[in-house]
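Dropping the structures in below, format is structure tokens.
Next come two complexes built around chain A: one with chain B, the other with chain C.
So, the complex of A and B:
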């Protein structure tokens, strides 16, 4: 019964949102009525609350083990702790789509109610938001209904959550990512409303600035958490795979980053306004594209959900419709928007626009990488796959140029050209120091790879520039933008850590019997396999090995495990990790061989923690920017 | 210039849209096309431990799964294959364009659901079989290839495509 009520509430939200749209369409043909907006707002707010209550009831259904609901029956189990019963809701397509819509609704209701009662764009924004929510609710109910019952009788026990997903990170990684993705519905709707409205004297930047910044923070945390999860918990052995789904998350992130930068430029010096609007539309369009790629199953990926062409076509059609709607209005208004003001060469905003171009180039390259296999397949029927070498080759030169512009723009001024002398002063010291450090790194490691050294150099350039700027700030009281500095240091650190990781890390496959010990190399002097035991846990068996290592003259104990789960028979590997500041010792246990020995995979990963630390710095920088008194 | 820009802003997304719609629709056709049964091609391959594979070992009802250690999607379908093998479905691996050391390490790390894996580093058998990439799965009944699935094998594909074929074969025998 509760399932039906929950279903009914979602359906009612569809009706209310349709009413908002129909009603406004009807009125706009006639004369404006003073109560039009008030009534629309009420309907919209009620629709949003219906979605929230419906989802709340659905959570209750999951907790109370209602296995007559098909989705819950195939993704939950009565033996699960309540925590995983709740998270199992977004462990597959239908439920995660529901969560996506709940977040979409939450952002929308918060934003629209934060606008002044007589804000000139309120009505049009409301209509755009209603349209988007309505489209996705219909998608949920028509093609991926999470409320569907198993009739006439439900099953007694659920099929259980996938053990890989039985992990606390499932509780935060998808929600964070979704909050980021859908948060940009605000800039999308508001900018579209602004363009429709046609009053270009209106200032729109400040109304959506902080909303976009917060969405960016969620998106950044979501992506970083996904990478952290893959490495620490899922035992994939790496942090980034250039998997199509990672790529479709990176594209809106890059667009959002470019958007924030040009938002600063356009508010500081009144340039790039048109470009900023375009980016604001692009971010959400790319989020929608991501949803389409993941949920249509058009590309095989680590994350893809079940393949269903009907869903793909609906999503493609609807995302295409609203993106085209926004872009057509943009194209229509373009002549009126063109500001005569030009960017001053050598000013801060000129370097900023250069990096904007670089970010859009990156987006385009990723887009090409994602779609290229499909294009080739549809032309020649041949299957190709695009992997890390493509992206590494494309990105190395891009980040080098970006780093150079970031370095210069640290000391550049808004709206004023930079003198050649100032340019020389800014560039010399960081460049020389970076070259020197690179030489030292090369001497110390004796490894060389052009792409990796480009990355190291780029990272160091940024780090040293900000170091000098900070010194200048402390001793000469020169102004420093703290938020920007912290975020960019994070970026420099990211380039540095990723590149160092790629040249220093290595993997060894070992083969030992219990009681045996061997020497691996100069750094891992001794690897002893002390013992192996089989343990019983509540829903799985555990094979646990005890290993002691003499690693760089320190003794380390590691405990890699294998688990076999009862309900699905699935075997998962629990890697043992010992972390120090510079490197991680990452050990996975393999199978037992016929002669009684076991196989192990030992990975030494350098600078890996720095990658997530740098993401944390970027988020911190953004937070500093948001909480600064006056930004725009 | 401006006119061209306005035109492009609208036309480019439309082209992208048409392209994806086309890909989706073509994929749908392939998925529902009837598969014509054919004989399993002749081959001379070793398994991953270096022993030659006998053609007789493919008799009966067998699932042939194309996999490789470099294939991420293979990792995704791996638990499901393990589940199938636990339910007494006989699965034979076709290790595709891989090296035996990496393939063996992969099996050691993730578990081995296969009776054995044929080692096809150059993709010879895969070519004769019509493999387009990894993962792919073929259903063999008495040395006849009766079904084919491209991409990840999962519960729904298993139940809608292969299981009916197996049931049909069991009924007629």
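So, the complex of A and C:
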């Protein structure tokens, strides 16, 4: 019964949103009536609340184990803790789409009600938001209905959530990511409304600035959590695979980052205005493209959901339609848009433009990497895939250019050029120090890889530039933009950590019997397989190995495990990780061989924790920017 | 021609030239960094250079897994032909007989030496190409 009510509420939301659209279209042909907006707002708010209540009831259904609902029956189980019963909702396509819509609705209702009653763009923004929500609700109800019942009788026990997804990081990774993706519906709708409205004296940047910043924070946290989860749960010891689905998350992130940079230029000195609007539309379009790639099954990836051509077609059609709509309005208004063309070389806005060029190049390269296999396949029928080597080659020069420009730009001012002497002073010390450090790193590690050293150099360049800038700030009382500094230090650290990780980390495959002890290399002097035990946990059996290691004169105890889950019979490995400041000792247990010995994979991962720390710094920098008074 | 127009034309030419160069570089990079995907039958038919990294997709043949220390040997089949594969390391949890995998590596002297092995996070996974093959059989 509750299932039907929940279903009915979602359907009612569709009706209300359609009413908003039809009603406004009808009145725009006739005379404007003052109560029109009030009525539309009421309808819209009610539709949003219907979606929330419907989702609330759906959560209740999941908690109360209603296995007559097909989706819940195939993704949850009565033995699960309540937390995972709830998160099982977004462990597959239908439920995660529902969550996506709930977030879309939440962002929309918050934003539209935060606008003044007589804000000139309120009505058009409302219409755009209604259109997007309506499109996705219809997608959910028509092609991927989470409310479907198993008739005439439900099953007694659910099929369980995939064990690798039973993890706190993964439980919050999709919500964070979705909050980020759909948060950019605000910039998308508002900019489209602004262009439709046609009054270009209006200032639009301020109204969506903080909303976009917060969405960016969610997107960053979402991506970082996903990568962290992959690192410790999948047992591969890697953190980023350039998988198509990771790439489609990275594209909106890059577009959003570019957007934030050019938003400053646009509002501070009136340049790049048109371009900023284009980026604001692009972010959401890329998010939609991502949804299409993940949910259509067009690309085979570890993340992709079940294949269903109908879904892909609908998503492609709908995303294409609203993107085309927004871009046509943009193109139509383009001649009338005024943006100051006066960009002074060496000024802050010139560097922000540079950032935009680099970001867009990155997006284009990734886009090509994602779509190229599809193009090749449709032309020649050959199956190809594009892996890390492509992205590494493309990104290392881009990173170097980015680093050089960040270094030069730390002292740049709005609308003023930079003297060559000042430039020379800023550049010399960081460059020399970075070169020196690079030489020392080379001497210490004796490893050389041109791509990795480009990354290390770029990272150091940024870090040293900000180091000098901070010293300048403390002793000479020179102004420093804290938010920007912290975020860029995060970026520098990210380049540095990723590159150091790639040259220093290594992997050893071992084969030992219980009680045996071996020496792996100079660093891991002793590796002892002390014991192996079988334990029982609530919904799985555990095989747990006890390993003691002498790693760089420190004794470490590790318990890598293998778990067999009762309901699905699925086996998962739980890697054991010992973290120190510089490196992680990462151990995974393999299989038992016929002679009673076990295989292990020992990975020493350098600087890996620093990768997520640098993402945290970027988020912190963004928070500082949001809470700083008078940003724009 | 007006000076302003001439300038604009020049700018346009420079931009076009630069983007053409950029795209050429990207395409060049793409071509040398592609991993071609083969099923066992396709791989045995194709004349492969041994230094060429490829992806092999198929099902692990029932009863073919043999272990020697950390080295695993098994046969990958598409229900038509089979290819022997060796891999040094720990395969993913979902690696088992009669399940779909994708191996990345080199085909050398009739033996596929895998550097990495992927199994999907789903126990019912089969590489999509095999669905089609199975339908044909």
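Going forward, the second predicted complex is superposed on the first by the 629 of 632 C-alpha atoms of A that agree within 3 Å, B and C clash if a C-alpha of one lies under 4 Å from a C-alpha of the other, contacts with A are read in each partner's own complex, and residues count from 1 in each chain.
In this text, a residue touches a chain if its C-beta (ideal position, glycine included) is under 8 Å from a C-beta of that chain, and two chains touch if they have at least 3 such contacts.
Here the structure is a predicted model, which means the values were calculated and not measured.
**Student:** Could you check whether chain B and chain C clash or fit when both are placed on chain A?
**Tutor:** Here the two partners, once superposed via chain A, clash with each other.
**Student:** First (chain B), second (chain C), both or neither: which does A:573 touch?
**Tutor:** both
**Student:** First (chain B), second (chain C), both or neither: which does A:334 touch?
**Tutor:** first
**Student:** When the two structures are overlaid on chain A, which partner does A:324 contact: first (chain B), second (chain C), both, or neither?
**Tutor:** first
**Student:** A:190 in the overlay: touching chain B, chain C, both, or neither? Say first, second, both or neither.
**Tutor:** So A:190 meets neither chain B nor chain C here.
**Student:** Which holds for A:588: it touches chain B only (first), chain C only (second), both, or neither?
**Tutor:** both
**Student:** Would you sort A:313 into first (chain B), second (chain C), both or neither based on which partner it touches?
**Tutor:** A:313: touches chain B, not chain C.
**Student:** In the superposed arrangement, which partner chain does A:612 touch: chain B (first), chain C (second), both, or neither?
**Tutor:** A:612 sits against neither chain B nor chain C.
**Student:** Of the two partner chains, chain B (first) and chain C (second), which one does A:601 touch, if any: first, second, both, or neither?
**Tutor:** Both partners.
**Student:** Could you look at A:390 and tell me whether it touches chain B, chain C, both or neither (first, second, both, neither)?
**Tutor:** Only chain C; A:390 stays clear of chain B.
**Student:** After fitting the two complexes on their shared chain A, where does chain B collide with chain C, if the options are 1-9, 19-27, 73-81 or 163-171?
**Tutor:** 73-81
**Student:** Do any residues of chain A touch both chain B and chain C, and if so, which are they?
**Tutor:** 162, 164, 300, 302, 307, 382-383, 385, 509, 568, 570-571, 573, 588, 590-591, 599, 601
**Student:** So in the complex, which bits of chain C are touching chain A?
**Tutor:** Touching chain A: residues 22, 26, 29-30, 33-38, 55, 67, 69-70, 88-94, 104, 118, 120-123, 127-129 of chain C.
**Student:** Using the touch rule from the top, collect the residues of chain A that touch chain C in their complex.
**Tutor:** My answer: residues 162, 164, 234-236, 300, 302, 307, 361, 364-365, 368-369, 372, 382-387, 389-390, 393-394, 507, 509-511, 562, 568, 570-573, 588-591, 593-594, 599-601.
**Student:** Can you tell me which positions in chain A touch chain B when the two form their complex?
**Tutor:** Contact set of chain A toward chain B: 162-164, 241, 243, 285, 292, 296, 298, 300-302, 304, 306-307, 309, 312-313, 316-317, 320, 323-324, 327-328, 330-332, 334-335, 338, 371, 374-375, 377-378, 381-383, 385, 509, 568-571, 573, 588, 590-591, 599, 601.
**Student:** Report the residues of chain B in contact with chain A in the complex, numbered from low to high.
**Tutor:** It comes out as residues 2, 5-7, 9-10, 13-14, 17, 19-28, 31, 72-73, 75-76, 79, 82-83, 86, 105, 107-112, 132-133, 151-152, 154, 156-157.
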